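The chains carry the letters A, B, C and D, assigned in the order they are written, with residues numbered from 1 in each.
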Amino acid sequence: MIWLVGGILLTTLSGVPGLFFQRDSHGGERIACLLTLTGTACGLFAVATTLISGKDADLELPWAMPGGTLALHLDPIAATFLLPLFLIVATGVVYGLRYWPQHENPTNGRKLRLFYGLISGAMILLLSASNGILFLMGWEVMAIAGFFLITTEEHKEEVRRAGYIYLIATHAGTLALFALFALLSQASGALMFPVAHTLPTAGSTLIFLLGLFGFGMKAGLMPLHIWLPGAHAAAPSHASALLSGVMIKTGIYGLVRLTSLFAEIPAWWGWTLLLLGMISGIMGVALALAQHDIKRLLAYHSVENIGIIAIGLGLALLGRSYHLPELVALGLAGCLLHVINHGLFKSLLFLSAGSVIHAVGSREIDHFGGLLKRQPWTGALFLGGAVAISALPPFNGFISEWLIYLGAFQPLKHPASALGMAVLAAPALALIGGLALACFVKVFGVTFLGEPRSKAAAHAHEAPKAMIAPMALLLAACAWIGLLPTTLLPLLNGAIAGWSGTTGSAQLAGTFAPLGWVSLAGWLLLTLLIVTGFRLHRRSRKVPRDVATWGCGYRFPTSRMQYTASSFADSLVRQFNFGLWSKRHGGKVPGLFPPAAQFSSHTPDAVLDRVLFPAFRGTARLCRYLRARIQNGETACYLLYVVLTVIALMTFLTL
Amino acid sequence: MIGRLALSLISHLILLLLFAPLLQGVITKTKSIFGGRIGPPLLQPYYDLARLFRKEFIFSRTTTWVFLAGPVVGLVVPLLAALLIPFGGLPAPISFEGDLILFIYLFGLSRFFTAVAALDTGSSFEGMGAVREVTFSCLAEPTVLFALLVLARLSDGLSLNALLGPHLLDAWHSEAGASLGLILVCLFVVLLVENSRIPFDDPDTHLELTMIHEVMVLDHSGPALGMILYGAALKMMVLGALLVRLALPWQTGWWLSDALLFLGGLSGMAVLIGVVESTMARLLLPRVPQVLIGTSLLAVFALVLVLR
Amino acid sequence: MGLTNSLLLAVLLINFFTLGSARLVACIRMVALQGALLALLPPATHGLSGHALFLAAGALSFKGIFIPWLLLRAIREVRIRREVEPIIGFVPTMILGALTTAGAFLFADFLPLISEHHEGLYVPAALATMFAGFLLLITRRKAITQVLGYLMLENGIFIIGVLLSSALPLMVEAGVLLDLLVGVFVMGIVINRINREFSTINTERLSALKE
Amino acid sequence: MLLLLILFPLVIAAISLAVPWYQARSWLLPAGSALHLLLSVLLAIGHFPATGSWIGLDALSRLVLVVTSLLFFGCALYAVGYLDIRRDRGNRIMVPCLLIFLSAMTLAVSARHLGLMWMAVEATTISSAPLIYFNCNRLSIEATWKYLLICSVGIALAMLGILFIAYAALGGGSPVSLQLDTLLANATSLSRPWLHAGFIFLLVGFGTKMGLAPLHTWKPDAYGEAPGLVGALLAGGLTSVAFLAILRGVQLMTAAGDGDMARQVLLGMGLFSLMLAAIFMVRQPDIKRMLAYSSVEHMGLLAIGVGIGGPATFGAMLHLINNALTKGGLFLAAGNIQRAYDSKCISEIRGAIVTLPISGTLFLAGFLAISGSPPFGPFVSKFTLLRGIFGSDRLVVGMLVLLCLAIVFIGMGTTVLAATQGEPEQKSPLFRDRPLLYLSPLCFILLVLLLGVYIPEPLQAALHQAAALLEVQP
């Protein structure tokens, strides 16, 4: 455990030495990078030794704080969240060396690194904390460091706005967590996390609802996702990767940890999560499809994937309510594995999107095009990430979704119960998968294929090796989980055993989840692809690429005639218009000899822009009205308040 | 054990590789007969493929290696998928719990790469085709899942072998028969969508604006085009196998009779497709999603019937 | 007992006169008169002890003479207009005054006096005077009328203080210190009105700071 | 010793009037207050005996004394820098008034006699009025006027309350005394109606001084128009002193066995303050008025904490310290920002972090601290408070408090972020950070940070003792 503490300290303070360096010197960033790498290595070592020993590790130190002790606890559940964290933090910091170098960003480079270290350390702390106060501290430091990461480029209005919304959302969530931990400490008698599976169900309704709000806000479950798209788009890419890949997962961690504490789970908890998961998944991906800003789009995919994770967790909760060990095992394994997977491929996608943005200088997909020729490595890595996030074999996304699918099929075996409705998760997942695929065809196609759509894209350059290598590492991790999922079985089984408690746990290796077969199919697919591809490549290698694309009879095709992101998404977005309310501009072609026409679409966030902003504006107006009435400047009126108070209190007294 | 596996593997592959293009021939022949023409010979698809594989490549200067990934994945995926699905009474060589999900997602993979390869050319027409392909498939996907849920409800396993086992015969006679009928219709619609047939797409049209699948492969040539066509034929046979097994759940236990029954069923299906293509007009493009959503609702209805 | 009660009744009557008066100078005189009457209260309650006489002298000099003189001087020097500017009219103010007086009598029943002070109107008179002071504070616009209201409020508190003057010698004298505050107010207004910088600003209102 | 603590600021005030040199007069402030701080710490840790019938220290007053003294020391240091750049206004009034203010606060804290305490509180009102009027303009005279009038009315009511309590003793037949210990000892024999009425008037009276809604109306004006350091002293020091005065009433009620009633009233007023503050913070364009409403909010929290009782009282005591220090830092930083932009309105203030790297950052950090974000101290105290609320099974109160805190955060965040972030419009600011003017707020914020991660055992013990004083039943 001392290694873990060391890791936390090193990571947290990694940005501090940089503060004492000159604004444009390399020293600070190198030291920060080194410290972070050492810190994550220490943490990784601590987690690995704990996992290998097979026993949970504990550390408890006294702390002069009312109700607080410095209590850390490492178990497979925490390890599941920590392992991808270490990888993503480490890759991100290396990537950041070239993506956000100090000498190019003298004003905000130090700030970015300071808070990058702080958020990483805080996340390690909260994932391993087993004391309420310690957890909340880690939580809020993470949240605030996240705010400063998002507002790295605070001179931009849009960035400030995103940061503001984020800060409000996260603080609202934190306040709910205050109440949650207050109630928990009342139920269990102390601020330490109670022993798993001991809390009674009585009085847990409010606790669960508060947890759902607080943790769901951080995770970005629809309709609490309001802060997410703007925030992820505004942050520098490796920070976005961290936020999307790791930070939002702490919300899931909170839900998993919270539900592990209870002895019995009411069925409606599972149903609620399942429903929210389905809504997040479908609406998240539909909104993603309608976006044309690559980082916003990826951010909405985070909402989608959180939805998938929530579906898995919902199924696992249902399994505990109905005492179905297989359902628990499949649901939770799918949930946790998807947490890892999403962390990996989403970071990969954000990093590669970052190197595209770095090269082109825009976030609009329609300004890219033809980049695969100019950035072959970035393009190939992005393609890998796209395949993985679309849950296609042989990458890791498929494995976790496959587990959740299997979970969704389990209720069919139990005919009598009301559980049958849970099978709806399967078609929902199918729809999500189909839409995600469409979306990534759009992103990859419009960004990397075809002809450049702007001058900047035509002159784009490949990212330096220091940016490519971290991405390659992430893709390798994706492929590893996709092809050798069985290597993660001990971790997942440990987490399942630790979570499911009295339901009795089923181990994943059983016949109901033959990961070995999937692995075999993955290898088979890969082999066939390589063999066929190699043969085709050998035959076509010598062929010159010297003709123009067939223009269907049109003589002078230009790059502007390519399908744009708006037109690509249009046919699908139109199907979801009932929930998206996209704004379509143009697109009508009038008359026989039509003049120049154009089409573009723009999709504001359904919850934020359509519901919350008007509501907030109304409240603010009401407040201002009340204010002007109450504090009206007349001393006489103020004295009236004094009299009224006296009279009211005297009345209270005599009654 | 190994021997039986190898035998089953080889017989599956032989049936698949040999018989797949014939279905195209049967459909074309049926349509010709309906049109009052003699039409091309039944084996015409084979001749086409052979000729294409002999031809040389032509590549647009816009394209990259992704352009070739389309045909590769398009060919490999049905091959692998075929190993997961029973051909009539012949059980699938590779079978495990949950292989049905892999089956569906494999086709997702092929769709991804076909669409991406189309976008690689930078042609607006091919982009249009890619959009339509991914749109319609993603609307069709829930239907398949609902159908599989119905089948999973009736069986006691989660592999395609178990789902399409001999118990289907009893199921047709039980209360679940109605559901099976419904999902048969649904799956037929999905088959038409996935294989780009009328009324959703017209493989023989000559106007790029109205094409879906064909427009995506406009720029492919030579062996790559051959691979695409062959892959499409394999895909139709693999998806057809699902349908045929559902419609004709008899099983004799003899290899030859089972294989013949299966091939007969497939031919029947091909004729049916030909009949549909000859008697129906193409749907307006905006109507297609509505039809697909309607189909999903039918499938939901079937699921509700068996869950009741 | 007869003397104290008639004194207190007179105090109550003055409340109404002040509430109903439209002339600033008359108001000030009324309040001065009230202070002078209250100065009689300690000897009336506790007999002619040295302490009571001292208290009476203090009250008379501050409440009855010094502060009214300051106020009158302020009016003269700063040329404050001589009319009371009510926010709500005189009649409603008086009705409110009557209501609060009735309320004071009702509420006084909840606060039992010890037998020594029994049958005295101390509590209702004190409360009613306080409320009248509050009414002046609330319903009049000018800063100077608010000072008057504050004085009246204090007069009410003084009545209660008288009850305790023998038991708590120091405390009640401290209460007279409150008057010092009033002096500070008045001086504040006077000094600032004289200051040329403010000659154009309407310090009679003082309501620029608001939301 | 305690008497010396009260008297020597007065002596220094007298000296300051005699000193002819401007800088020397300014430096008398930190010198005097450093001595004051030293002495009060020594007194607080029990180095000198400090009990007596008229003045003396108990656990509660020790706490408030040290906090006030600490805050005053910081403000005094700041005042040197501030007065240096405000030579136009001179320091002949400021310095002695500040010292008299300090003396009055010390007396109010250490008084063991309700009458003496009342006089001391009144003295704070009088001595702080010239401080608020420091800027000598139209708005500051209005603010001073309102402050004086409303607080005087309040103080008069408090006087009435004290008289009522005395009469309660008379009515109960116990020896009439306003000496706190005597009152507490004979609390059960006090006449109830008089005691209750007395408590109500005491609460309203000192509540006006403390700024509980709806008696807070003078706060935004006074805090807004006074110099930053005066705002800091009022918001951090004077409010705590007034709160202590109210707590004396609560102590008395609890000792008389009517603690529940007192707590209910406090809880109600606290909640009302919180809600009203929430309404006033939404889109508040003026950073100093915003801080004033934040002060109302935190006074509400203190009242709620004591109103709930039990562990929440401990939270309230801790929050008193945190609030005083954070508010101090915030007001001083806000003063610097106001100086740099010559405005306190967010329509003019942009990018304060760029213009004033230290003050701007401190302002932002202070905002995060005051809104209860770890690792700052108010997080611990707010959380302890909330635990107390939820622990006493008052879910509705708890949720209401959370809702208000969320609204306050949104409102305050809008203003603070608008002021600190972004690019400043003017390139050459009127004022740049200078050590004397950022040292104190920096120290305050650092201290609050320290309190967020480490609360020394002696302090915890002192807090527990203070909270226990409020729970002494008959």
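One rule holds in what follows: a contact is a pair of C-beta atoms (placed from the backbone, for glycine too) under 8 Å apart; a residue touches a chain by one contact, two chains touch by 3 or more.
Just so you know, these numbers come straight off a predicted model, no measurement behind them.
Engineer: Can you tell me which chain lies farthest from chain B, using the average of the Cα atoms as each chain's centre?
Structural biologist: Checked the centroid distances; the maximum from chain B is C.
Engineer: In terms of C-beta pairs in contact, which two chains are most connected?
Structural biologist: That would be the chain pair A-B.
Engineer: Taking each chain's centre as the average of its Cα atoms, which chain lies closest to the overall Cα centroid?
Structural biologist: A
Engineer: Whole-Å distance, chain A centre to chain C centre, using C-alpha means?
Structural biologist: Once rounded, the distance between the two centres reads 68 Å.
Engineer: Please work out the Cα centroid separation of chain C and chain D, and write it as a whole number of Å.
Structural biologist: Using C-alpha averages as centres, the distance is 31 Å.
Engineer: On a C-alpha centroid basis, what's the spacing between chain A and chain B, in Å?
Structural biologist: For chain A versus chain B, the centre distance works out to 36 Å.
Engineer: Measuring centre to centre with CA averages, how many angstrom lie between chain A and chain D?
Structural biologist: So the centroids are 43 Å from each other.
Engineer: For chain D, write out the residues touching at least two other chains, lowest number first.
Structural biologist: In chain D, residues 145-146, 149, 153, 197, 220, 280 touch at least two other chains, as defined above.
Engineer: Using the touch rule from the top of the page, what residues of chain A touch 2 or more other chains?
Structural biologist: Correct list: 624, 627, 630-631, 635, 639, 642, 650.
Engineer: At least two other chains touched by the same residue of chain C: list those residues.
Structural biologist: Residues 110, 137, 146, 206-209, 211 of chain C touch two or more partner chains.
Engineer: Taking the top-of-page definition of touch, could you list the pairs of chains it picks out?
Structural biologist: A-B, A-C, A-D, C-D
Engineer: Sort out for me which residues of chain A touch chain D in the complex.
Structural biologist: Against chain D, chain A makes touches at 63-67, 133, 136-137, 140-141, 143-144, 151, 154-155, 157, 160, 163-164, 167-168, 171-172, 174-176, 178-179, 181-183, 185-186, 206, 619-620, 623-624, 626-627, 630-631, 635, 638-639, 641-642, 644-646, 649-650, 652-653.
Engineer: So in the complex, which bits of chain A are touching chain C?
Structural biologist: The contact residues of chain A facing chain C are 624, 627-628, 630-637, 639-640, 642-643, 650, 654.
Engineer: Which residues of chain D touch chain A in the complex?
Structural biologist: 145-146, 149-150, 153-154, 157, 196-197, 200-201, 203-204, 207-208, 214-215, 217-218, 220, 261, 265, 268, 276, 279-280, 282-283, 314, 318, 351, 368, 371-375, 379-380, 382-384, 386-387, 389-391, 395, 398-399, 402, 405-406, 409-410, 413-414, 417, 421-423, 453-457, 460
Engineer: Help me check something: in the complex, which residues belonging to chain B touch chain A?
Structural biologist: 56-66, 68-69, 71-73, 75-77, 79-80, 84, 94, 96-99, 101-102, 104-106, 108-109, 111-112, 115-116, 118-125, 127-128, 130-132, 134-135, 137-139, 141-142, 144-146, 148-149, 152-153, 156, 158, 208, 218-219, 223-224, 227, 289, 296, 303, 307
Engineer: Report the residues of chain A in contact with chain B in the complex, numbered from low to high.
Structural biologist: Per the stated touch rule, the residues are 369-370, 372-373, 383, 386-387, 390-393, 398, 401-402, 405-406, 409, 412-413, 420, 423, 426-431, 433-435, 437-438, 440-441, 444-446, 448-451, 511-514, 517-518, 520-521, 524-525, 528-529, 532-533, 536-537, 539-540, 543-552, 557, 559, 561-563, 567-568, 570-572, 575.
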